[in-house]
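In the two complexes below, subunit A is the common chain; its partner is subunit B in one and subunit C in the other.
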Partner chain A sequence: MVDRPDQRTTATAPTGHPVGMHEHPTDPIPTTDPILQLDGVTRRYGSVVAVDDVSLQVGTGELLVIVGPSGCGKTTLLQTIAGLTAPDAGRITIAGEVVTGDGPMVPPERRRVGVVFQDHALFPHLTVADNVEFGIARDADRAERRREVLDLVQLRHLADRYPHELSGGEKQRIALARALAPRPAVMLLDEPFSSLDPNLRTALRQQTAAVLRESGTTAVFVTHDQVEALSIGDRVAVLNAGRLEQVDRPHTVFDAPASRFVASFLGEADMVAGVVVDGTADTVVGRVGVIDPELSGLAEVMVRPHEVVLDADPEGLGTVLGSEFRGGLVQHRVRLADGTVLRADRRHSEQLAAGSRVRVTVDAGHPLAAFPAGDDVSSSSPDTAPTPT
Partner chain B sequence: MDQLILSSDRYARLWEGTQITLGVLAASFVLGVVLSLLFGVMRLSDRRFVRGFALAYVEFARGISSIVLLFIMAYAVPILFGLPQENVFILASVALGLNMGGYGAEIIRGAIESVPKGQSEASVALNLTNMQRLRFIVLPQAMRVILPPMGNLTIEILKGTALVSLVSLSDIAFRIDLFRTNAALAETRTPDWILYLNALVIYFVIAQIINGIFRYFERRTNAKYESRNRPLPASDVAPAGMVK
Partner chain C sequence: MSSVLIEELGPRGKARVRVATIISILVGIVLLALVVWKLGTAGQLTWAKWEPFTVWANLEFLLGGLVNTIKAALAAMVFSIIIGFFFALGRLSRNAVVRGLCVAYVEFFRSIPLLLAIFMGFFGLLAAGLDVGAFTSLVVALVAYNSAVLSEIFRAGIKSLDKGQTEAAQAIGMRYWPMMRIVILPQAVRRMVPAIVAQLATLSKDVSLGFVIGYEEVVRRGQGFPGFSDAGNFQAYVVVGVVYFILVWMLARLARYLELRQRTSSIGTGAAAIDGAGLEDIAALSEEADAAEVEAAAARGEDPDRVVDSQTRARGAAEEQGTKLNEARKGDRDRRRGRD
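Moving on to the complex of A and B:
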């Protein structure tokens, strides 16, 4: 996130606008060859709008991660792409074919999509080999393709096992192989690792991303885990209450969030009041650069805990309220002169007693995101942001 | 002890009766299974009138007394449709098969519903058609739930075949009844209870054979799900069919 080219920042940072103005977030990265395209897709359940006017494009071979809190509509969105549920409005195009929108809906079995489910959904009465071969066309060399995809997930030796004889991670990899076998145009993954323990999840997400890239598969990956989204996505789409808040590269959504919601959902974020003049903000934690050149006047600058530097100083304007030990890092809560409370992640060797005075500065290595002051949107307070589990 | 055994001549005639009983059972079983599958699947159709039609059949087949249905098939239907009454074997089997189909359809419906929805979605995502999904994914998994109650139902139908003696099909029950009326005229009469005891033993043995066949298929179906070294939780093991 440090070596981000500046031109991308200016081209893609729509920061500083009220959240409400982002009615139609547009895709800032031109996808030259979109294999999946959504235009104004909307899905309602009674009075609840689960997916609200979502438009986006996914390029060939791209791995797009849709991230959002529980109930934000991400699974519904995935199901409309798969054809498992029909949208109320909008159009979906897969590999040049309009599957939903114009004329009759193309049934799910005739769309070229593969799906990996949260609970893997392997067929318990079939062996791994039979599971994988199931989706392969009858006229193809099924055994050959089965060996190919099992090699891809490195589980060829398990071909004769039944699903109940596999571990959780193995099941999920077989489910991936099974979905890859028919060579889908688009692969959909619905929180595929949420039932696995954290260590396994970390290992498996890298393997999965590698398998998808190696096979050149276009994929839409849904998750509520922001680390998962940032670590594997070519691009990240942040969904909140059925609406897309931002679609951009992981570094950009993290460093230059388009809304307070994105800021607080993709990691911890605090806001510091300041006055912006000519791209620079004067704040209680010093003078910092802001991304949006258009912004001026009273503003709130987003500061992430890892960017906050604390120096023990009896004359300092910050007071340590308390600390939480997190292993390698300690998170301190510091009250500034104006009453703002900042979180600061420091090495656990830097001990700071509660009540001690500190000098607080910000060292981000890049301009910070800022929002006009008073632009208070209820959903975007960092304290109420859902914490991914 | 000797008194419990009938003459070999009578056993020869009972064997003929057993063949009739097994024939009726086989015919009504085949029809019953076909109807069960058909209407069990129709009960879950997306189309309302298909669901409604299936429900009407199920309620009719379960609600009507089998003996009334049997008499209608054996006596009313041939007159109404001009069928030869010699077809009473087929007509009686159809009556029992219709009856079995009503109960069987409910077994099939429940079993299909017991297969997790994710399995259907996964097979849809693998581009399977509805028929392929039913045949290769849903029914094989539903089989574990279908077999035990289907075994019970088959034994019920076996016992139901005794009713066909009332429309003059010479099955086991018919032969025994014949022995009883003839015995009244004979000099050395066999007590009724010995005759019925013999019938009971024959039905019991057939029921046990049916039971064994179903258990064999249950074991084969379950073998795939059971770990080679650790048992599944008790709830995953289907109870074996029991004899009533």
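Moving on to the complex of A and C:
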């Protein structure tokens, strides 16, 4: 595996917490040499705005994950980059060439993009070798390149098989090899593992990320699975109802979400009321640091279940309402003195009975995200998000 | 292709069907006997009436008509397929003008009676000062009509492919013609073969309409059979009917053969060795191969040294057993549900 620190420093070095505190969290991380650039891309279907004024930059060799609920417009966004759909407005630049926006649209076959589809879309009447080879330029050594990409996905031994003779995972890897073969400037992956079962997904996403990094391929990966997004992305772009809510490193979008939507979409999140003074919030679960130094007054602080600590204490102000066994963890629901209900994870050997009194504190190891109180009418609440399909 | 969308009958339904079948057969036999008896009493079955068909010169006269029929049919088939193909592509074109022209052509010639097309071809060409003769004008009319019908079959075949195939081909940089040649047409043609052959059989029969413009095809030869008056051509028509039956039956066998070959080639290994076998054997073997393929896939799924877990592999392979198997399973399920 080739490590390419020169190109990936901005993306792969998580700089600890807090990240990007002093800039607006949706500002893109300055990328060296953006190979894909989107400016104000908008796509409407009738009155539904599927993609709403999206601007993005993807650096060379970067793996950007676009994540959002189903119907948020992420597949449409990918199709506009691939040229399979024309945006109503905006400009798309790939490797220095404006492919959409100025003059006639460059058709998909002349863009330097590779696409891995959700249903793999292999050519059923062609062998694996032919599937991979037909995308390679005639002047290149086709057989050599074919062997190269099949080695990359470790499936060289299947070259003479037909697609119907492959398993689901193998098909997706061949689809990846086929898309890699013509050396695209940008690789687009549209929920490539969503039809596979969970164990296979985990193995395959790590392998796919490794293949993309090893080949130095720039990629945009679309998924609705937040774990997939956080685990493989150099950066994560959270899309909601066609709009980008936040684009940042995985740790940042998780720990310092720019909106309530991002907070709750990327993992379980509860809000605790508090009063913020000088970067510290006083809450019913104790005194905690908050990320935004500008914030003051009434606020809601985001806590995630793994950060909430429960101590059995008959004098405690929290009451366990119930719990759910999740394998390694048991998630408890706890009502606080002010009526707020929090979720708290504990090891499954430390399950607390419903009705137990507990002392509730927060141990996050980093300042917490906080939002001004009464701000939940913002369009970013996941419950009110329209879901065009 | 052989998916049956009817519910299986219960025991009482089966009994009803059996009774109805027996009654129909009996009625059919009675009617046939009546016809034969009437023909016999009218003197139509006497050897003298049929004897001319044993004379070679007479047969030669009829077979000459058959040759003309085949000539016109083949010429019309070749041109109809080529022209129909381009009209199909035109109708799928991104260019609105091209698309509009193709739609107009196809819809017009698909809607008019073929007989009208033949008159229009014959008299139209004559009126234009082109006395090209019955053969050419008949072929022109047949091509005009059948290219329109075939283009719709081609278009349906191409449209029946998943959109992902086109998108995938474009995404790896294929231009239009390579995409058509390598990805789209090989798949589309396989699906279209039965429909195309059926239309070509119809075309062969439609050559008989050349009769009206004096083309000497087999039906006209039957009418003009030596020694028969206009009223007495019954025997000649029967013989021509048999000739036509054989012709179309052979086309149907060809279609069946092509269909099987397509099936066996698409189920991959194990079916390749049966090329030389008889048609019935191929049919039987291909069904066996389907079953063997499922077992093989399951066996492969248990292979422990593969990266992915065996359950998923088996599931994935089973998924790929094509619609036929799925349909069969679904049918089973539906049937079970129906019984409960």
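The working rule: the second predicted complex is superposed on the first by the 349 of 389 C-alpha atoms of A that agree within 3 Å, B and C clash if a C-alpha of one lies under 4 Å from a C-alpha of the other, contacts with A are read in each partner's own complex, and residues count from 1 in each chain.
As a convention for this text, contacts are C-beta pairs under 8 Å (C-beta built on N, C-alpha and C of every residue); 3 or more make two chains touch, one makes a residue touch a chain.
Remember, predicted model here, so these are calculated numbers, not experimental data.
Superposition of the two complexes onto subunit A shows a clash between subunit B and subunit C. Touch criterion met: A:199 reaches subunit C, while subunit B stays clear of it. By the touch criterion stated above, A:49 is placed in contact with neither subunit B nor subunit C.
Legend: residue contacts after superposition of the two complexes on their common chain; A:227 is shown touching neither subunit B nor subunit C. Shared-chain residue A:182: touches subunit B and subunit C both.
Residue contacts after overlaying the shared chain place A:168 against subunit C, while subunit B stays out of touching range. By the touch criterion defined above, A:125 lies against subunit B and subunit C together after alignment on the C-alpha atoms of chain A.
Between subunit B and subunit C, the partner in contact with more residues of subunit A is C. Once the two complexes are overlaid on the shared chain, A:114 sits against subunit B and subunit C alike. Of the two partner chains placed around the shared chain by superposition, neither subunit B nor subunit C is touched by A:241.
The superposed model shows subunit C running into subunit B at a single listed stretch; among 21-29, 273-281, 291-299 or 309-317 it is 291-299. Within subunit A, the residues touching subunit B in one complex and subunit C in the other are 82-84, 108-110, 113-115, 117, 119, 121-125, 134-135, 162, 164-165, 178-179, 182, 188. Note for the complex: subunit A touches subunit C at residues 82-84, 107-110, 113-115, 117, 119, 121-126, 134-135, 137, 154, 162-171, 178-179, 181-182, 188, 196-197, 199-200, 203. Subunit A meets subunit B in the complex at residues 82-84, 108-110, 113-115, 117, 119, 121-125, 134-135, 162, 164-165, 178-179, 182, 188.
Those residues of subunit C lying in contact with subunit A across their complex are 162, 164-165, 167-175, 178-179, 182-183, 186-187, 190, 266, 268-269, 297, 301, 306-309, 312-313, 315-317, 319-322. Across the complex, subunit B meets subunit A through its residues 116, 118-119, 121-129, 136-137, 140-141, 224-225, 227-228, 232.
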